[in-house]
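Order as written gives the chain letters A, B, C and D; numbering starts at 1 within each chain.
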């Protein structure tokens, strides 16, 4: 599964995207637990989850959104366009 | 195509002509243009990042929702990405309708939803360095008005 | 000059540039464009009569009232007179502000007041002959919203 | 004093403006009474005063608005611009 990062999450982690094997992760929250262990940067980026928004296959979701079969999961700060 | 995400600028008069051409029912067009704020003397710029793919889907969904709520004869949304200077256009929303009230409400709804639901992120370059713009609670409040 | 009554057409993009140029505080511009409705096949036209002198005074007063109610960085009102064809522009209202809500509200207020207080009269040329357009009660209702 | 007519009042009366000596007329309403006597067209135009709007020196008024010293008084239907 493709995991994408935007804005300061991308900067903090130092990656725009990475290929991740979700293993037993069932929800976006499970995926976060898995990602946190990848590096200190990941752990820092996911430190405060109230500042992180989640999209599963380009639809807004949350920590409880199932990721089974998803092609891409994205993490980003609250949006500030317009 | 009613939704565009692009680097280049837009022309509100030209977009209005495209939207209204040949449709004699349209009596009202409301536009919203968002601009980069800032004093050109401090050479601040704005970098706009987005999530390709999801952005277009999210905007199309917002347009669909506006069309379901108001009798609209045309809708157009253009959002720029990349590096923009103070005074430059960021976003254009156009709503065309037979009645002015519908056009006003739809345009404001589109902007309120775009601000809280479309995946764009602004980074401001200030004399003290670059920083990501914080989301504003007033934008969430503005969006919630429509769900009352 | 923020108010014009004129025969010639206007360009919303050009008017927006004039309004926002050199003012880094403006983050939002809302425009309303009113168009002549009607099917070009029936060759209907619209004749717009006005009261020279009073029209400009009434529009200036409406603009002043909007400026007193909202923090506006710029306002522009253009109303055309004379003979206009279906699809042609009739009226343009622009409101520029730091905040989008103020720009939206001011533009809608300006239109609601203009519709009920500025001395213009429309005469439609239809296949059945020319007739003066009746004032609409919904316009009075729209105006009264702002006095609540 | 200059009296102005617009839209269907102008058409019905057949004049865009006329110079009127207000005599003893104190209000716009008094002026209407005086104008009604000028011709059958005037009488017809002022038949239903609920359909007539009044401006005294380019300010919106009504039948009770004083016209003493006014340079121009205008009569017209409810406005339909925008």
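Throughout what follows, contacts are C-beta pairs under 8 Å (C-beta built on N, C-alpha and C of every residue); 3 or more make two chains touch, one makes a residue touch a chain.
It should be emphasised that the depicted structure is a prediction, and the values quoted were computed from it without experimental measurement.
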item: Other chains in touch with both subunit A and subunit D; value: none
item: Rounded Å distance, subunit A centre to subunit B centre (Cα mean); value: 26
item: Between subunit C and subunit B, distance of the C-alpha-averaged centres to the nearest whole Å; value: 22
item: Approximate Å spacing (C-alpha centroids) for the pair subunit B, subunit D; value: 48
item: Sequence positions of subunit A contacting 2 or more other chains; value: none
item: Touching two or more other chains - residues of subunit B; value: 34, 111
item: Touch relationships between chains, expressed as pairs; value: A-B, B-C, C-D
item: Touching residues on subunit C, where the partner in the complex is subunit D; value: 34, 48-51, 53-54, 57-58, 79, 90-91, 111, 114-123, 132-136, 139
item: Footprint of subunit C on subunit D - complex, ascending; value: 4, 6-8, 55, 58-60, 74, 76-82
item: Residues of subunit C that touch subunit B when the two form their complex; value: 11-14, 16, 20-22, 24-35, 37-40, 86-87, 98, 100-101, 103-104, 107-108, 111, 142
